[in-house]
């Protein structure tokens, strides 16, 4: 039997010759390189406890905001998909019922990266070649369910079979890193690493900010009511995270704004936040100042700083009130990197020890801001296409617009940035195929030699991520 | 004799194999589907009266702002093209003289959709294969003129020969719908439908706004000086429009801003408008509030709401003073859909009965805002590329940027949005060829199967418009 | 021996047939057309004095901000590249040492237009086919150095061998045009032309603005403290520049903002500037008003006005303090042409004698603003892709987004805009190849006939620039 289209060996390569053949020839050089996943959101308990995944729905449907949002957009109810409500009212608990609904609407995903990732995962992890549909829903559910009971689908076995050399999780500043402690005992740290994401104590728009800062003080023994104490608390916490393999920090911010205030204004701002009297612009200024502080700490300790800017979170207040965050209602906004990062870069942009990787959701900045900035500042690199743009067309728009000005060596390679463990090989495979697609076209246009294209393909598929994140 | 390039059977299909052949094979499945035209600006008197079109210039040149603006941009004078002046000074009245000027400059249209539409119309309606040029100007003029005297070029015959299943016109709230009344008597309503476009009574920047609101009160018997009365007037008028087939409302607004004010502020705003004391920001706020009111009425009555946002109208004050509106001086602007629609969507974005189709002129929003929003909200769909972007490259940029996040089923199919009756088949044909172009490439890259591509092609060419506009 | 990839005869043509063959067939029609270079920054002393270029590093490395910024972005120190410091501290003075550093990092330029230009120049001017690398660094350095001593590498010989028909330099308003005076005596004016760039006396953000305006008064004998005197000074100076072949003015502005103030406000603004009491918004308003004044003078004297808008200059204050301007730290910003140019266009946009060529760094404006504006106003044309966007992908994005709305005849052809003499043939060749690339694809899609494509290719490669700049 021939393979279905979605698993065709040439998928995503250029449609026409000679670029197709060139891409096909480049691909073997990158296909089996180990996976380096320096930024993502997998659950560290999986690796610490190595327990089985509960069921197909909990694996593929309920935690995947890309999938949920598409189903909702065509009228499905989150209750029927088993998404818990804050008010405790019952939602669908039968995984199979939700799975059938999903299968019934699987045609909605035609052309989306979600379908690419799921199809790839079903094949790669479960040997399933047929497409999900109402007719195959139960058969596929049963096949997955049975396989999940076997040792080769345990989290650590998946890391092995996917050849994951390094994977970073992301934890908030207050996280005790319990699971990483357990992994430390088992010698897993280094392969699994945490990442310091202090949004819980740097973003005053969080309702629990004061409580969080109090916990931060307890955890570090610092007086966080004084600006220097607050910074010192971060300094200590970053050190603690590094013990568990952290090479990077991560900052999720609505804008890329940074500030570099005089000490007295910083203290006044902190006072306001701690007294709960801050408004939205105070919150923005506090976040802005904290980004600069984090950059200065990176200059000290060498941790790579990541800024994920430009998402407007929770744009549906009804959903937020009903079920909380991360369920599909976050939408990108325009981002000004040049103006936003001015304060930070003016302060420490030329420091040799600073490495700042920029991610964005406003593609208009690729050629206008990000590539020109990364092509100048030694501290800046451009992260791969993020979120909605982590897709074949998104990757094409990215390469189209960044390479000529930033070159290949100011790019940070690939991040899968996922909470879906099984999608990791799928996502890296899409990236690698798109790298071959892009380079295949350029070789066919005589813009690169085949041998330099192969070097670049390998770099972008593997080494770039290690270099960018200072992973030895 | 071989056909000229502009009528080649493969035009607009991908240049290279194998995608070209795939597109060529998909095209027959969509080529002859009936035309559904749910949004446009044809003149209802044409269908009501079924009279002959006066002459070639009045058909192709004088009413087409795309054509006029290009000629003006290269130095031609609107006087010489026969565009009337407000001051009554004489302009060219000899249709043939203006036509010759047009023909003499027809090379300026190389590469523009205007040329594609005109070439297609000349061939489709008049059997003319040769290109318009100074040498052919008179011959083509005479051929068109002669044909216009024949029954097969009467408006209703054109609807038949173009296989138009449904066509919507657009009328302002104060329009008596005289022509639709006439059509009602002849059983034409359903095939021809009106659309409720209340800009004349919702946009305080119109000089006649107070007078218009007074007429609105008379027409509906409502006290439009009270907010509830004003809304009730709309409620009645929408019902009246539905009697003449209206399934949709349409809103032409400079921005996508919406508001959801407390009742007292709404009344105060209305008081200001009615007293003529409003400024530009009051006008913006009034429009913003009215969009939310229209959405709430759509929740009630199920009419599909269309927002056409982002045109800066009448950017040449000299032209406006001299000859009025819609003559080529409207230019797009940036649009913020996420921030703009926040009030409306927070109020009723999850209502199952709301259907809101978004059109825009700021392509940067495709991947950043429109696709993520339509891929979340059940009420939102994305309209096809509009105005300057209704072109082969414009359609390619659209598919490139919306499909991966919104999928195919959150798209509203095609709108020709034209006042040029003969361009309707041309415009739908470009869309269908571009659908095949896009899908041909994706099948060639093994991203879709050929059979799902054919389903999607049919959907986007026909059914999507019917579904989006709730046309049974 | 076969040619290396970077010199392949088909480079930059479409990768696939039949478009590749069509492009290959179009190219001979444009390849050897004379070069018209109506805007650029070559040094007029080269042509006036016709002296030899000092050494390879001074020719290719030190003056090229594209090259310098990329090397800096990967951690190289400007000291080691021989970039002078304001504080006089020593920097590398050995050209060969800096050249070796450059060669060692030449792989960073893979995929950049810099590499394309340099590779082309090395081949075209020096017959060097091998790639720059650590292994070839000295051999290439020696070959260049030897050739620079020969007559065929003198500046005027380069103009001849590159078949440069016209080249414009750019001088500030206070420039005495000494070198152009010398050229006048030798009959070179006409082939070499100056351009009037009055930023030194129109931009109050320049530290020396008051001093400059005083010099401007001396030079012209006008009382520049009165608005009319200031304008008259420009009027005289423009006349002086025209004596040295100037057909155009050029305006480098952070935004496209224009103003049309009443006389009393203009005088008040000038008073403020002359007294040194202006702030940033006064400076912006002064620049804005001056753009309108320049347009009015163009209406008088017929000089073509160029606006290069959207660069945020000197974004790294440390670099600026250390070494000055034009060293890679200028980064694009968003630009609003519709709102910005409103005052100017409302004042004189319909004047038949006005020709305004717009250049930008915000590609989002191509389809949204620039093409719609140029497709309406008879005074407006769109300049070619500028700066970071003067690259193969940049040119593709440009054609993709401007042609359908502006047509081909509202485009101003090509500008190389360079200070690197040897890159001129390279840059024009890239443009011409990309023109053939674009047209080859459109002919292959049956959107243009081959013969009209050839006409358009010739126009865009040669005549468009002469027409746009009114060069007889």
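Odds and ends about this structure:
Per-chain numbering from 1; labels A, B and C assigned in written order.
By definition in this document, a residue touches a chain if its C-beta (ideal position, glycine included) is under 8 Å from a C-beta of that chain, and two chains touch if they have at least 3 such contacts.
None of the values given here were measured: they were computed from a predicted structure.
Seen as a C-alpha superposition, subunit B sits on subunit C after a turn of 120°, to the nearest 5. Between subunit A and subunit C, two chains of identical sequence, the interface residue sets overlap only in part, with shared numbers making up under half of the total.
Subunit A and subunit C have Cα centroids separated by 40 Å. Annotation for subunit C: residues touching 2 or more other chains are 14, 16, 364. By the touch criterion given at the top, residues 4-6, 8, 10-16, 69-70, 72-75, 107-113, 116, 312, 315-319, 328-329, 331-334, 361-364, 388-389, 391-394, 397 of subunit B touch subunit C in their complex. Partner subunit A is touched in their complex by these residues of subunit B: 14, 16-19, 336, 338-339, 342, 345-346, 349-350, 352, 364, 367-369, 371-378, 380, 400-401, 403-410, 441-450, 452, 456.
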